[in-house]
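First chain A sits with chain B, and in the next complex the same chain sits with chain C.
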Partner chain A sequence: MASTEADYLHIVTADNISAARIRFGKTIIWASAALLCVVGLVQYLDTQGIVSLGFETWRPTLYAFLIWASCLCWGQVLLYGERGKRALFVLPAALFVVAMVVFPLIFALGIAFSNWNLSSPTGRQFNGLDNVRQMWADPFYWNALKNMVWYTLAIVVEYAIAFGLALALNAQIRARKFFRVAFLLPLMLSPVAVSWMIGKSMLEIRFGPVARLLRELGFDQISFFGSPEMARFMIMAMDAWTFIPFMMIMILAGLQAIPKELREAAEVDGASGWSRFWEITFPLMLPVSITAILIRIIFKLKLADIIINITAGGPGGATDSVTSFIFREYRDRSNVGYGTLLAIVYLVLIVIAMTILMKLADRWMRPRY
Partner chain B sequence: MTQQIFRDSDADRAFRPSWFLGRAAIYAVLLVWAFICLFPIYWTLTTSFKAAPDVMQGNLVPWVDFEPKMLGLRSLGLSPETIFAESTVRAEFLKRFWNSVIVALCSSALALVLGSMAAYGLSRFNYRFGFMKNADISFFFLSQLILPPVVLALPFLVLYKELALLDTRIGLILLYTLTVMPIVIWIMRDQFSSIPTELEEAALVDGLSIWGAFVTIILPIALPGMVAAFILSLVLTWNEYFFAALLTSTNANTLPVMVASQTGSQGISWWSMAALSSAAILPLILVAILLEKYIIKGMAAGAVK
Partner chain C sequence: MKIDLYKYAVAAGLTRRGLLKGAASVGALAALGGLAPAGRALAGGHGNVRAEILKVPGVGMGSPTDADWQKVGEMCLGPTMERVAQGEFAGVELTFMGLNNQNLHNFLFRGFLKPWEAYTGAKINWIDLAQADYNARLQQSIATGTVDFDILEMGAPFEGDTAGRGLLDEMPGWVSEQIDEGDLVGYLQPPVGTWDGKKYRVTIDGDCHTFAYRKDYFGAGAIGGETVPSTWQQVNAVSKALAGQTDPLTGLPAHGYLDPLKGWGGFGFYFIANRATAYVKHPDDPAWLFDADTMKPRVNNPGWVQAIQDVMDLIATPGAYPADQINADPGTTAFQQFLAGTGSMLMWWGDVGSSARTSDTSVVGDVVGFGINPGSDRRYNAAAGAWEDVANEAPQMAYIGWGIYVTARVSGDEAKRKAAWSAAAHLGGKDLSLWMSAYPSGFQPYRNSHFNYEEWEAAGYDRAFVEDYLGSNADSYNHPNAAVEPRIPGIFQYYSVAEDELAKGFAGQYASAQETADAIAAAWERITDQIGRDSQIALYKASLGM
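And now, the complex of A and B:
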């Protein structure tokens, strides 16, 4: 992924940019910025009741922001000519992400330390560290975090299954395309539909086919979501079912990139299938595996849809993920402040954990010989 | 008498049975997993044609175990006898379906445009925005992938309320664009850096501007990657439930929200839930069958280096 300086496209341009054009460029950028500030300020004063112009929404500020963003892009071309046109490739996406992520995150920090019930007329009240104290004493939140650790650990099993399937698909088999499409399909399904298809109907205790099969096999007391361990396992299994194809395809791509000569050389040297796998295939697959697992962890940390729709966190919070817990917390009490604090703590934990993981992965991926 | 000079050694011949055994094991594994993958889909599709007794008896095979009935389609107002009649259920369903289509297509397209441009710029030029260089900018974009949706959900609830974007399709489109853009940038950066820069250099010498070269020369070459990125975005946005559940109520509900809201209320009338679920999964199943090549290509991008 690291590309060197020499890979880049070099363009030599001779732009003749007149002083008037530069002046115009600077003017529109600063003028639109001033417009944005003024509109924002006026709207703020309006909400504080200092001036009353009767704004219904913050839309005018949004429009002012859009004008400023467009002027900034246009101004780049006016000011820097060809170099500005290059900046135009990245600038829209960057502005979009900043507006949609950085600004709301700062806003979220403000909400997190307040008590804000959206349905109550009193509006937002700053309450300092009350939310932190409440979180510290909230057993359900810690329970949800603990569940996330379990859910994440399940990835090891998913990875083993995905690797096995990728090996089988990579063998000389017939009807490879059929198997590939069939294996890919679970990934395409909406988690909400999956939670009905599997969680609510196939695992239904009276009429579901799985329960029927188990009864045929002689089990009497069937309950899929009764005990905490069983319920957690079922959620893990369903999530694994949807996401195993994802890891499988990444691993398959890695397997196909291994040159055949290596395998043949090992065969000539008399390595058995087992040692061929552990000494050649597996070490060569390490970088791909780590990438696949890291991406899978990222997706796993967002796990919520299935839980919300099948167990709603039950029994007794045993299946709650952090996301589904905050979702219910908001649905039940519509307290934006506390939920946001929980989410931000979660984000901080994730960032710390992912940084450590990536550092470790970096160390493992470096060749040792 | 001729004698065979070259022949397999005894050791190689003895290997044959275990080779067949290995083949059988591989096919067994593949078939079992294919069954695990396909059975829930088959179950859903057939259940939408089952009446209550069929559900309770656990009939599996249509025409053998039970006679298919149009119950599922009728519950959506789409069966032959109800399709021309006035139907509120159908109107409701089509509205949700249409919302899903528009939101998924628009946000994927927007993410593709913004993401491709950014990926191209990052793969070709050296940028410096303040202290941020190319590697930092790339990391800034890709790190959005780590951000769990729940962190943004509640702030956006408040912001959208203030901006009157709550329960609108535009609000959802903007958020979905944000969530899939890192993936588009990842795939497209991979794609662009595999295209040699000599192509643009030649085009620039011939008098095209850099944007002209990008649009007329580079994009057509990168088309397979763009299709892959578009389809992956489509999958993620079509299936998205969390934001849609929080930020929409009556106007802009998408199909997953409708499926989720009906789940509890239907009791044993599984056929209507099955029909609804089928409608939610069928478009993407068709996409998967027809465009499997691109999906696999998209997911393999970045895996192999």
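And now, the complex of A and C:
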């Protein structure tokens, strides 16, 4: 008879697991796994036309997966008793992630290396690295990536503004609570609403109030989206307006967590306002700042809705983001294979860039002695 | 009829007295039996269906409701009763996929088909889609083999994606007879609706681009010259000459033709095509986008390049376009520019004229006129590879219009098949279509019998308006050299990628119009190769009826 009593600390109850129970546990896990493999294989053969069993959907395989997942969880308890129960806190979530994220990702990889235009009568066909070659020679994709660099760099300015606003709201100013709520309002707006309210209405060059005001002020040829630089700047500005409050609120939370004593001690030591900020506040805020910037970069890399609504990537691709380009490739041109490859490559680029950034951030945030 | 147009018509000329007069005339005409189609069996004891249905609910009596749609559907059941026995389809269940734009389309179909369901015993389940979701839903159903509908509302450009792949059921002969196909306007006659000589479509709509212009820009002493431009050469000359002048209505800078320079999900391509058809649509050749034998794009031939060059010339002329035109899509040119008093010439679908009167932001209601697509002093002959100094005119049937199709899901079940086609024929019936043309439905006139102005006048419409609006449509529909777009798979992919390249060209990223056109041609070649050149050639020829 096996016992886990003496082996581990923190065991709440003693498990006396019989050999028969272990056998049963192993049996249900392996039997359900075998069932999953067999059902999956049979369905695959059916879709390939090798056997003809008339499956209409992949639901049988899904059900087999669910049975296997349940048996795996149950089996943990049967095999390991108390320790197995602890595994149940994590295992279902892990299986869910595998089913909902990892499997689709693998499926997407298969699509990414295929020639799959929804209008093609031949359907999906594996085409090796053709999509990669096409991407390599696609000026629209590289142009969109270049634009993304500009858009991402704009975060530095956004951060500076957000920090300034957070400092102001952290100070003892009048109507502080009102301003805190008011500054948060843009974040609550959907980017699509921002596109229409600001980009398509307020900035409309004929009737828009901004254009009218500029005309009153003596400007003649008003064009907010006419030149590439101006259009890109306007997109950056609208996106910044929406998301600066997000960074601001994070930084504000960080500022409020800094102990007052530090500032007071610095004042006693005769530090100037600037040195108090630069030597105390800013370094202490680095972890929050880095987190805010990293999250903001992730948001920024998904920028698409404002662009799709206002400029459709124009003029001449000047405002195109990778996501808005993929949207056109996928939705307007039904080019599923190539569109998926572009998205996967973008994902890989993002993962690499974010890993490097986090490593660097980790180094920067170590205390200086 | 499109909603805006209906409102316009009502606003344009209907008074209570006029309405009563109209109703009286309808009654008189009905009594004479002058408008009744000969030999037509009539449902429910109504004396003259056409005149009677036009009284439901009555022009100017508010928007029709579901009760009205059901009533009209019931009054038009005659042709169904001739061919289907009562309760014949009991137990048959069909699924209908269509749109829910502006609460029209499927909403009307439900009402029209309710009495049909009651009579035949069939049951219809509905899949309602927003316009924006339609293409993706249809393409995904096709690509993943999950077509879950028996009857389909679809635009003709998608026939390549469906009929071309054998997903549609061939129309039985009795349907052609029931809907009186010979009454369709010229361009909707085969090959539209057919593949390899087989018919698939019950037409319920017509679409074409017409020319709208500002009457106050043209005439004696007007800033645009004596006459309205009738060729693209004149359009460009006037547009250049207007730069720097003042708009007679708004006092703001005057402008000529409004080209949309920004993409619009593929639909923007129709607008450069409006210019190009005059140059490249040769009367001897139905093809104008590709060579039918090779699918080699014609978009970079001298005719197309001229069209692109025309736009580039206006971009290079300071003041020819409004500021920020590079960021104007077709929606902007029509609704934010032309209707708001900016610019004097525009190509658009029929509803821009109606919006001129009914839209709150429109200032041009009293000064808008209609015509057909401008022509050209010369035309390019793709077969000979040379320009010909012969005047040419080629109105573009942009999007061709909606139709009802039946999918191959019903092909194996004769009862289901007959039921599906009976429902489709009911919706595309000659009398019902008159009602759809005259009342808000989202559909435009598409039969020769719709251009019988007396019927409209008798129903209470303003004659001058109806003649102006319907006239420009009729002239375009029946034009012998109408440019009908190819109904090949993925046609909007070609348009979409062309928009991207044109945007680069218009932004000055290509050295010339030729280079821009070459980039489009190269992108089109890639799409053709991806979809499959041989199948595209076969389908292109089939779509042209070759």
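Just so it is clear, the second predicted complex is superposed on the first by the 354 of 369 C-alpha atoms of A that agree within 3 Å, B and C clash if a C-alpha of one lies under 4 Å from a C-alpha of the other, contacts with A are read in each partner's own complex, and residues count from 1 in each chain.
We take it that contacts are C-beta pairs under 8 Å (C-beta built on N, C-alpha and C of every residue); 3 or more make two chains touch, one makes a residue touch a chain.
Note that the coordinates shown come from a computational prediction; the quantities given were computed from them, not determined experimentally.
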Chain A residues touched by each partner, larger count belonging to chain B or chain C: B
Which superposed partner A:Thr311 touches (first chain B, second chain C, both, neither): second
First, second, both or neither for A:Trp58, with chain B first and chain C second: first
Touching partner for A:Phe224 - first (chain B), second (chain C), both, neither: second
Chain B versus chain C as contact partner of A:Phe207, first or second or both or neither: both
Chain B versus chain C as contact partner of A:Glu216, first or second or both or neither: neither
Partner chain in contact with A:Leu105 - chain B first, chain C second, else both or neither: first
Partner chain in contact with A:Ala182 - chain B first, chain C second, else both or neither: first
Partner chain in contact with A:Leu118 - chain B first, chain C second, else both or neither: both
Where chain A meets both chain C and chain B, residue numbers: 116, 118, 206-207, 336
Chain B contact footprint on chain A (complex, rising order): 1-3, 5, 7-9, 11, 56-59, 62, 82, 85-90, 92-94, 96-97, 100-101, 104-105, 107-108, 111, 116, 118, 164-165, 168-169, 171, 173, 177-198, 200-202, 206-207, 209, 212, 241, 245-246, 249-254, 257, 287-288, 291-292, 295, 298, 301-302, 304-305, 308-309, 322-323, 326-327, 330, 336, 339-340, 343-344, 346-347, 350-351, 354
Parts of chain C lying in touch with chain A, wherever the complex brings them together: 135-136, 139-140, 142-143, 160-161, 164-165, 261-266, 322-324, 326-327, 329, 336-337, 340, 342, 489-490, 492-493, 496-497, 500, 503-509, 527, 530-532, 535
For the chain B and chain A complex, residues of the former touching the latter: 26-27, 29-30, 33-34, 36-38, 40-41, 43-44, 47, 55-56, 58, 60, 114-115, 117-118, 120-127, 129, 135, 137, 140-141, 144-159, 161-164, 174-175, 177-178, 181, 185, 193, 197, 200-201, 204, 209-211, 214, 235, 238-239, 241-242, 245-246, 255-257, 259-260, 263, 268, 270, 273-274, 277, 280-281, 284-285, 287-289, 292, 295-296, 299-300, 302-305
Residues of chain A defined as touching chain C within the complex: 115-123, 140, 204-207, 221-226, 228, 231, 310-318, 328, 331-336
